């Protein structure tokens, strides 16, 4: 009997262990430069939407990242009384032209079009989490899995949002 | 883990030698000199919508190859290789009579995958890597392929190509087109009807002009672009004003006998009516 | 005796091992293929060995089920040969694959990515049938093996035989469908199931006869059966010829003509004569499989590369080694006292003489089987319903016909486990139980890995700033570039500007018109007091477009 | 295939089945008779029907199955069991033959399969088989062959 129990236990443990080890890993890419960027400060609190910095997000495949110039649009003047602000401005002025460059987390055989999903009414926060949630200085803390795509495409998630069922055949997102 | 899931590794291009374009041209000439026998053609009506549950009623993409115009110059083959990053085939492969070309000359006429509406290859693929899109493409999901080659054995016209060698490591592959991933060793591949172009075109339109129905108008495959005689016409069989339908309307359409009752999307045109 | 045979086996194994390694390393280029044939020697060897794996169970199980049990030794030898040739057969489909580590994608189950293998493919059926067949015949062998020591196992043997009876035929039917389903003209044939089963039993009988000769005993009934089957095979070859005009002299000669030598007393009574016939049958069937698998115009057998031969010898060696090692290991258990050593003469009428004492009335069989079968049926039904209803990424829907081939294996597997798991567990010692527990753990790991499906590698590309010349439409530029201060609707983004910036100029239609388009374009590109320069981020035309859009917004504002 | 040919098939199956299972039962005799009858069936269908028609390429084997079904009625022991098994064999031939047709775009002979299946299932519950029952079964099989 006790061996039976042991076997069952081993079975379960093995399953969950292997699942944990082999599951799709979150790919985290550090941004260059030591500027801790806080999405929360730049989001709704000052009435900006993501597309102000991620200029492609509303209508193109890639969301893109702001260039130094884009940052400087606002940071030309000291914006707050916060003592850290000079440090930030000087860091910015020293930063290279494209401070934010990161590796795409999307596998090469997967197609994802940001604009398409924006047009379909999907909010950035639906996949990337709200500006408060996004970790400082991190990218891709989210665990994007094919399952999460499929769930939404086949209408399992976001019932309330009235999304249309989307294609789930391989050719829709893979090449 | 990388070993176990090696199937999902990216081809490592670092250090691998990359062939010159001249080599691709040379191989195309070689392939032309070894053209296969002509198909035994039978006449068919114009393809309609797929009769599969869940098929699109708006789009069914396909091509018509004008046998009267085509002079078998083989420019389409080269264009296809450059669009889809098709690797050169190794010496051993050539000796075995195998090229990776998605387009091959059969009796002086180009032949690629005919994208049968009722494709035998898809039925026997164990993993579902070979599957159909609602708009009539027989697609190949490389990362899902386990290389059982059942599809290849079951393709009546032998349109499927198997990656017998690791073309990247052998320095046979060149990434002309960043949009198309390189295929790893042990994977089946074939004409995708330039799936990437269709996807990009569709996504851009749906993002910038939501609400407008996408019929893929104005789109062309690499081969049809490259053809100097304009003998390969790409279009949407269900769109009355697509160049394909416009042309095919008053021509006789033919397909190889082997696949005549498999509802192919790619056909040959000959003679006017 | 066994030692010598094991040595021979090891020798062959080592000869072939290199070829095996090469084909693992090189992949499908290692053996002969060409433009038309994608498959090759591994698949032919697979078909051959899976065929050989059948006679074992057939002889012991089916004869037993039908009430004509053979001597214990005969049936045990047959079952052992089944297991060993199954082990050999199972290797080759793996070798055949282009990406071996992807074989798990064939398992007909859902993984965490939402992938479901394509149940319409005979390969999936194949995979299930063969794995189930392996497991069940292992259980059958174990039950049969220990039934001497533990008599209460005896009553299980017949019911299990009844379960194996259909399964064994089913498996080879499915193997034949791999071919019959395709569009290859040489493989067309609705009669392939029978053709393959006949071939399987034929070759399997030959193998068992060889093994029994090594045992220094002889079972006449098997020889008679083989001879009888040779006539059936002859007809199948005739039919193939009538249908497709395909005909191979070697195959027919070795497979249908040579066996008739058994009519001669000299050959029949002489062990070497029997061996000769049996081997010629094996060779003929092997050749037939190869010719079948490589449907080229020419006779592909002439194109044998050394790897092909190496793989053949590997399979032979592996079988011989496995078989005789285990044979020696179990020899004490194999020889029941009810076995007539040496000559075993068996007629159907007097069969009960050497038969084991398991001939219970059949009513008993079915009363034992009832519950397991019920459970099996329920599980199978559940699976079918689930498999058909699961949302698969494949366009064409599944039909019952696609799932039907999976039903029997699943049913038999479940039934067999519910039938004999408990008794076997009861008699097994501590070590066995421990091993089982460990195996369960490993199984769990595999299942988990399968479920997780692994991690895709990220792309090599990078994401950076947007280039100017990428296609844009003015509204989008406005919302991304201008709206942060000027507001989506041309009014200000109060939250932002009031707090951090002096208010920008109000954009009334009057003001815009007085300034004029060109100067406004200049402002957008080169900036003004608090207005940022956008040259390099916005093209001139886009700036012009923006001005028009601004005017339009202002117009709406009034 | 037209009715006359079908009738001929049934007759031949019936005829050959008469030779089976006469005591003393010996492997050689039975296998020999079966193999011979297969040859007869094969040549018959080769001469009469057009074999390029895919649905006919397993004719002789269907006839063999039918013949075995007929022959079981003349058994003396385990009649019920072999009656069921022989019908299952026929079912087997029809079902997997049909399966290959499905993949070639033809459709499954469902009515026939269901009919044979019903026969096999029902047969399993016969306590003993009288002469009349044998006759009825034969008629049933012939009907299945002719009309489905």
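In this document, chain identifiers A, B, C and D correspond to the written order of the chains, with residue numbering beginning at 1 in each.
One rule holds for everything that comes next: contacts are C-beta pairs under 8 Å (C-beta built on N, C-alpha and C of every residue); 3 or more make two chains touch, one makes a residue touch a chain.
None of the values given here were measured: they were computed from a predicted structure.
Chain closest to the overall centre, judged by the mean of its C-alpha atoms against the mean of all protein C-alpha atoms: C. Look at the CA centroids: the one farthest from the centroid of chain C belongs to A. Centroid to centroid, with C-alpha atoms defining each point, chain B and chain C lie 28 Å apart.
In this assembly, the C-alpha centroid of chain A lies 39 Å from the C-alpha centroid of chain C. For the pair chain A and chain D, the distance between C-alpha centroids works out to 66 Å.
Work out the mean CA point of chain B and of chain D, and you get 47 Å between them. Contacts with at least two other chains are made by residues 1, 4-5, 8, 10, 120, 123, 128, 131-134, 143-144, 204, 208 of chain B. Multi-chain contact residues, meaning those touching two or more other chains, occur in chain D at positions 103.
Residue positions of chain C with contacts to 2 or more other chains are 115, 181-183, 393-395, 449, 454-457, 459-461, 471, 473, 476.
Within the complex, the chain B residues that touch chain C are 1, 3-10, 13, 52-55, 92-93, 96-98, 120, 122-128, 131-134, 143-150, 152-156, 158, 162-165, 178, 184-188, 204, 208, 258.
Across the complex, chain D meets chain B through its residues 103, 105. Contacts from chain C toward chain A in the complex involve residues 112-115, 391, 393-395, 425, 430, 433-434, 436-449, 451-466, 470-473, 476, 479-481, 483-484, 493-496, 499-501, 532, 536-537.
Interface residues of chain B, counted against chain D in their complex, comprise 118, 120, 123, 261-262. Residues of chain C that touch chain D in their complex: 66-67, 169, 173, 176-177, 180-183, 188-194, 221, 224-225, 227-229, 231-232, 234-235, 238-239, 242-243, 348-349, 362, 401, 404-405.
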